Amino acid sequence: MNKFIVSPSPHAYTGESVPKLMYGVIISLLPALAVSVYYFGIGMIIVTTVSVASAILFEYLIQRYMMKVKPTHLDGSALLTGLLLAFCLPTNIPFWMVMIGALAAVGIGKMTFGGLGNNIFNPALVGRVFLFISFPVAMTAWPEPGQWMQYTDAVTGATPLGLMKEGLAVKTVGEIMPEIPSFLHLLIGKTMGSAGEVSALALLIGMLYMMYRKIISWHIPLTILGTVLVFTGILWLANPDRFADPLFHLLTGGLMLGAIYMATDYVTSPMTGRGMILYGVGIGIVTVLIRVFGAYPEGVQFAILIFNGFTPLINKFVKPKRFGKEVKHG
Amino acid sequence: MSQIIIYTIITLVAIGAAAAIILYFAAQKFKVYEDPRIDEVEVALPAANCGGCGFPGCRNFAETLVKSDTWDDLFCPVGGNETMSKVAAILGREAIEQAPKVAVVRCNGTPEFRPRVTEYDGAPTCAIAHSLYSGEGGCPHGCLGLADCVVVCDFDAIHMDPVTDLPVVVDDKCTACGACVEACPRDIIELRKKNKKDRKIFVSCINEEKGAVAKKNCSVACIGCAKCFKVCPHEAITMENNKAFIDSEKCKLCRKCVVVCPTNAILELNFPPRKTDKIETDES
Amino acid sequence: MSLKTFSRGGVHPPEYKLSAGKTIVELPPPEVAVIPLSQHLGVPAKVLVNRGDQVKVGQMIAQAAGFVSTNIHSSVSGKVLKVDLFMDSSGYRKMAVQIQVEGDQWLETIDRSDDLVRNSVLPAEDIRKKILEAGIVGMGGATFPSHVKLTVPQGKTAEYLIINGVECEPYLTADHSLMMERTEELFSGIQLMMKGLGVEKAIIGIENNKPDAIEKMKQVVQGSSVTVQGLKVKYPQGGEKQLVQALLKREVPSGGLPIDVGVVVFNVGTALAVYDAVMKNRPLIDRVVTVTGKSLEKPSNFIVRIGTPISSLVEKAGGVPDDTAKVINGGPMMGKALPTLDIPIVKGSSGILLINKNEARRREVKPCIRCSKCVTVCPMGLEPYLLMTLSEKALYERMEPEKVMDCIECGSCSYTCPSSRPLLDYIRMGKAEVGKIMRARKAV
């Protein structure tokens, strides 16, 4: 007779697995990747390849030789970290800096906490901020789009947010706007900025795909974008000369990339719908505060890292709506 | 330049001084009187914080030792009589001696004697497997082999034998704290009196089913035949619920029961080899 | 208008209703029947027969040993071989009566004709008494004695009777086939229960994947105060609390029962058993069981005597397929895996599911990536990831404020986890421990 297997219920499982989820996110990033390769050519290819390869390599080496556990470098999470790190770097950054960034992302951002599932901060953002603070010059020189064969020697310029920040010191918004690419260009990605953040449209397509696959819920991205829209809208209505209009804020910088891919990282975002909304609103507000009143032109990465830190607290205090608390008699 | 340094030093010193004064008065005001002997007793305890005494930690136990009038239920199984007499000396009291004990696993259902008829595929803890069914070997009282006892042991004194699939107690390390006894959902582990040279005689089975049923699952099960009960000259063996039990306090280690057991359910450990023809079956 | 369903969580496992539409086949009595004394929730019944006694079909062989307990009747005629420990679906050996079957002699009081008896003149009290005498329990699987549920506690009023025809477990079709083939009797049983409870309104909830059953029930109930409500397919809609919420928008309070919101819920199988007991004097001695599985030759719906070994059912459905690796008593979501086929059918066995070796084994457990899918699917609004961690670390006192006792053990969390973590295993263990703590506190 057969030797039966006995285990507690349930005896059925979805086909879902961690690698499937990770590769789902990676698929949703392909449109943005295509746009970046189209505008930044060889630079984008080098940065992305180096970033992904070194993230996977460092994950393998750390797990194999330092943590002495079975390496999980192929489960897609290291690949995703590498890809996202590449997406928030300028495409003319030397490849050795990319490697340092990947080491910081995987080594400091993820493995020090015990690997996948235990990290407090989004690894890709840890890598990015590490580079941003270590190499401020290289990290703020953005190549102009359309230079196919130029890598580190590409002609650089300032991002729309940078132009706005510097310009506002002496000029009004109305005077700065002509220097900034049109909203159509911002939408399709013909602008200066980090590799993957340029095209809002490609990122929105990715978001729709992830929502369709039920990889992410609407809560985090839509509350962040909504908060930014409302907050900057109020400021703009109050004084259109001093504050740029909300559409400008939505389409520029790393907001889309941050709201859709960085803030929604499973490990570092809250567990409940209501917690996610709270987290999204917080990120939106802090982003606008840094952009409008802070020293840096862009603040999404800091806002997300700050609220990553709040996530455990949100999980502790924001509970899902339990069944059966209120009793309605009909 | 030097001005900045001086100002910095002055402000820091001022802040430090102010904080020190506040702390001093706060410490005076909120001081809680504690019997200094509690600290002394705590130092004398083994600091294992294992809970073997029934208190959450050594500090708690020390407090109780100092405060309570009778020591009837108070004993540190880890430190044993030595520690208790040290504590007694500190407090100027009489120590209560207790015979040292050791944990004993009362199941001998190795795959050889108790074939595995199903395969368990749930979360790897005995508690969950126990609540689900009678186990891979089909014995409702037998060891499940998922090592809940090993996980709770603070002293590294119990480990799983990969061949027999049963836990093995390391007598030298076992402190008889009772954590494994508590953890075993089937109450297989018992604390028994420690004998000279770690010699042990015990019924290595707690199956309460009728003999035939028990034997069907496991060839070394106690079938409740009472042969050992009849042969024991010291009245150390009792029969209850279809199984024999040897009281370690009364047992004189004469080994008569071991020979008569038809299923080899009674084990003798750490004895010199017998001169008689009885072949010892299992030494593990 | 969108269809009704419960508001929180839920999953959509593939249905695999392989035996849907198969006519119910009556199996002959087995050669040897083993009738466990504990087939219901509560105290095991007290045995009334001895070795060597002759029994008839329908004869009471064990009596209720308390209020939450019920009678047990012989499902076969023959000689009692012994009263001893036999392995039952709990995975342990428990007391049962073993009967050597000789012929098929029924008690004369039982009406064995197929005639439909419609109206009963019996008062409510007698209906409840007959239900207790017939040993009826919840046939959906929970096996809670029905007479207890029909006795409305002091200070509470029942307003609605809800009949559960949801059958949200994948694979199972026992209730579906009952609704299709015994529609009239079912309706009569529902009316009896309404009378026994003293309620005016009854709702039959059926998931939309059984449009034929909805249609048929609607025809039968026309002109009465019983309504049929189609529901959107979602697991675990068959859970009492979920069903009440889906149909009436009333939430059973935490730690409460449906009667706290004026509702009593019964399974369709129970309604039929009530009809048989009250109108035909026939105790609960058989039930409809789905025997199914992807590799099974003939997935079927059988009507079998209680006490028939599962192995003979599988035999009738085409024999055990070679690749069978797991046998489940019930459905894949909440059913219990069995160690052997030598286990009798009991009052609560709604199905026997054979899972082949490709799907039987669990996948490797990976670390939690905090994707929050378990929180999203939990129909009770709990946080399974947190409860599992607390249980694993033995922090039981922290589990109670997290409402672990509200868990209905539907398995949606484990089902959905991408890291294949054994969430429900640990939550169930934690529940047991918290239950112990609460009982200890009550005792003090």
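The chains carry the letters A, B and C, assigned in the order they are written, with residues numbered from 1 in each.
Basically, contacts are C-beta pairs under 8 Å (C-beta built on N, C-alpha and C of every residue); 3 or more make two chains touch, one makes a residue touch a chain.
Computed from a prediction, not measured in an experiment: that's the story for all the values here.
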{"item": "Arrangement of touching chains [line / ring / star / complete / other]", "value": "complete"}
{"item": "Chain pair with the higher count of C-beta pairs in contact (A-B, A-C)", "value": "A-C"}
{"item": "Between chain B and chain C, centroid-to-centroid distance (C-alpha), Å", "value": "42"}
{"item": "Centre distance in Å when chain A and chain C are each reduced to the mean of their C-alpha atoms", "value": "49"}
{"item": "Rounded Å distance between chain A and chain B, as computed from the means of their C-alpha atoms", "value": "52"}
{"item": "Residues of chain C engaged with two or more neighbouring chains", "value": "91, 336-337, 339-340, 360-362, 422, 425, 428"}
{"item": "Shared interface positions of chain B, touching two or more other chains", "value": "117-118, 121-123, 128, 132-133"}
{"item": "Residues of chain A engaged with two or more neighbouring chains", "value": "4-8"}
{"item": "Chain B-touching residues of chain C, taken from the complex the two chains share", "value": "85, 87, 90-93, 336-337, 339-340, 360-362, 422, 425-426, 428-429, 432"}
{"item": "Residues of chain A that touch chain B when the two form their complex", "value": "3-8"}
{"item": "Chain B residues within the chain A interface of the complex", "value": "116-123, 128, 132-133, 136"}
{"item": "Chain C residues within the chain A interface of the complex", "value": "8, 11, 13, 91, 170, 241, 245, 248-254, 256, 260-262, 320, 324-328, 330, 332-340, 353, 355, 359-363, 366-373, 375-376, 378-383, 385-386, 403, 406, 409, 411-412, 414-420, 422, 424-425, 428"}
{"item": "Complex contacts: residues of chain B adjacent to chain C", "value": "117-118, 121-123, 125, 127-128, 131-134, 138, 140, 209-210, 213"}
